[in-house]
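So that we are looking at the same thing, I have put the structure below in structure tokens.
Chain lettering (A, B, C and D) follows the sequence in which the chains are written, and residue indices restart at 1 in each chain.
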Amino acid sequence: MGKARLEAFSDGVIAIIITIMVLELRAPAGSNLSDLKPLVPVFISYLLSFVFVGIYWNNHHHLLHAVNEVNGTILWANLQLLFWLSLIPFVTSWMGQHFLSPWPVAAYGFVLFAAGISYYILSRELIRHHGEDSMLATAVGKDAKGIISVVVYLAAIPLSFIYSWLS
Amino acid sequence: MGKARLEAFSDGVIAIIITIMVLELRAPAGSNLSDLKPLVPVFISYLLSFVFVGIYWNNHHHLLHAVNEVNGTILWANLQLLFWLSLIPFVTSWMGQHFLSPWPVAAYGFVLFAAGISYYILSRELIRHHGEDSMLATAVGKDAKGIISVVVYLAAIPLSFIYSWLS
Amino acid sequence: MGKARLEAFSDGVIAIIITIMVLELRAPAGSNLSDLKPLVPVFISYLLSFVFVGIYWNNHHHLLHAVNEVNGTILWANLQLLFWLSLIPFVTSWMGQHFLSPWPVAAYGFVLFAAGISYYILSRELIRHHGEDSMLATAVGKDAKGIISVVVYLAAIPLSFIYSWLS
Amino acid sequence: MGKARLEAFSDGVIAIIITIMVLELRAPAGSNLSDLKPLVPVFISYLLSFVFVGIYWNNHHHLLHAVNEVNGTILWANLQLLFWLSLIPFVTSWMGQHFLSPWPVAAYGFVLFAAGISYYILSRELIRHHGEDSMLATAVGKDAKGIISVVVYLAAIPLSFIYSWLS
């Protein structure tokens, strides 16, 4: 199977995820500059999530670039990644309402961590389908970036609690 | 007519359906882990619907793969399938709020059943257009999977009532 | 300029329009079959609008099929059509809440009428760009279907008032 | 890297932005023509934003037309433009609720200004990648249109305050 529809569907889902988060940015009741103040944490959460989803889209773009064809397992590995990305608007909204509270931050970290794992699974599945000697395997390399980001996201979860206990 | 726009439009609609369901997952008012508890049935409904819509996208992908061209009847058969899929967010939301209540579960089963029938009609329409001896007809086979899933969905409706009566 | 992006963008906007209308179908508070009853007019409005938007997508598909290239004027004629189509969820929602009330029905008719006019302008613009002797001009023919539907939509507006006065 | 997915993703995001703004147009509680009156400023804001986003899509279409390939920097310059465009529904909603109030108008002007700057950065990045002698550089020209619109948007911010002080 060709990769065209996998790319088109992923582009559609990621485009919607990155855009519906802005629906959380509700227009304030008043018309003064100070009325925007309570929106600052919501805005920071939105910006952070926009950057994260943007990173995933960029990485997805690079990863699929060297891909020649896909199979059923790859379609599902990709859907799994999209599932975790689709939870980002939810955890962004929760974190935006309870800025720097430990559980919302931990939930945010957990979703990013799960997305990182899913991305890693997708890249392994693609390499297995194309062969370890393929151009794709070389391009992905040891996927150091993927492993590092998974570790970082994982670490962010307990760190959010430590931060909370310290303060 | 080529199939490119039919695929692109279907990808767009299915991508939106699979993503707007997450809007039902509203961030809880509190910031504790226990505040997520009332969201568990909503989350399970979302996961279930994500998997179902994902299955339809995968099947749609496989079905259209062997298609060479489409006509007006096929466009409408496809729109009919998209219509039933578009009702999944509604029944998911109802079932998420009334978890395991008989009528919401029956409505959910009915929509999945109607989507199964529509998918079957679309595949028959495609085979008729390409000929019973075409590669497409061979690929779809006797469409056993489609028939079985229609029966399963159909059975789920009365079963939900039996379940309710038993408990 | 090629027509690929015009098609992709139109597919995206129409896919979103046809899908966000389902957000009006809010899950009822109760879990009985009778709780669905107040949703019947909303559901009928949704079904009607789904069919109308589906017709426009089908027609758009047929119209663009014979097109070779587009220019700036055509891009804007297309955007104008998308603008009127984007108002369909709004008038659908109003009509769903006030079923058969004269003004909501008139507003619905007006938006469909304006979309019909915009579609006609787009088809004329495309014919002018390709020449009256082009394959496109022949395919569109005298655009009888377009003229008739414009008249029908136009007629629906006063008719909705007459209906209201009679009852 | 090819430009196909960059175009597809941008089309998706812009299609969603231009369409979700209509969700602000909530159906009025009553069914009379006069019930639409409070929606007039919301409607004007929607129309204005539809035209602005339409202009950006048109310009984006023209800009990418002459592009042969993209790199990582261009992907991020494009995401930055999409970020600012994604804030248009928010400022449209605020301005629609507080029509001609200085701060909402200033916020609207600021977002359009930032989008103008981002568009300029994207076009410079594209020219740098293709070379100053490329067909793209010639096509974009001195990007006079871009510079002018940036100045106009910038000017609109203080002007909104002067307008407010005058009245």
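We adopt the following convention: contacts are C-beta pairs under 8 Å (C-beta built on N, C-alpha and C of every residue); 3 or more make two chains touch, one makes a residue touch a chain.
In this text, all values refer to a predicted model and were calculated from it rather than measured experimentally.
Asker: Give me the rotation angle that lays the C-alpha atoms of chain B onto its copy chain C, rounded to the nearest 5 degrees.
Answerer: Superposing chain B on chain C takes a rotation of 90 degrees, nearest 5.
Asker: Specify, for the interface formed by the sequence copies chain A and chain B, whether it is same or different in terms of residue numbers shared by both sides, with half as the dividing line.
Answerer: Chain A and chain B contact each other through largely non-matching residue numbers.
Asker: Please work out the Cα centroid separation of chain A and chain D, and write it as a whole number of Å.
Answerer: Measuring from centre to centre gives 25 Å for this pair.
Asker: What whole-Å value do you get for the distance between chain B and chain D if each is reduced to the mean of its CA atoms?
Answerer: Going by mean C-alpha positions, chain B sits 35 Å from chain D.
Asker: Identify all positions of chain D at which a residue touches two or more other chains, and write them in rising order.
Answerer: Residues 8, 12, 15-16, 20, 23 of chain D each touch two or more of the other chains.
Asker: In their shared complex, at which residues does chain C touch chain B?
Answerer: It comes out as residues 7-8, 11-12, 14-16, 18-20, 22-23, 25-28, 30-33, 35-36, 47, 50, 54, 57-58, 61-62, 64-65.
Asker: For the complex, which residues does chain B have touching chain C?
Answerer: 1, 5, 8-9, 12-13, 15-17, 20, 23, 72, 75-76, 79, 82-83, 86-87, 89-90, 93-94, 96-98, 101-104, 107
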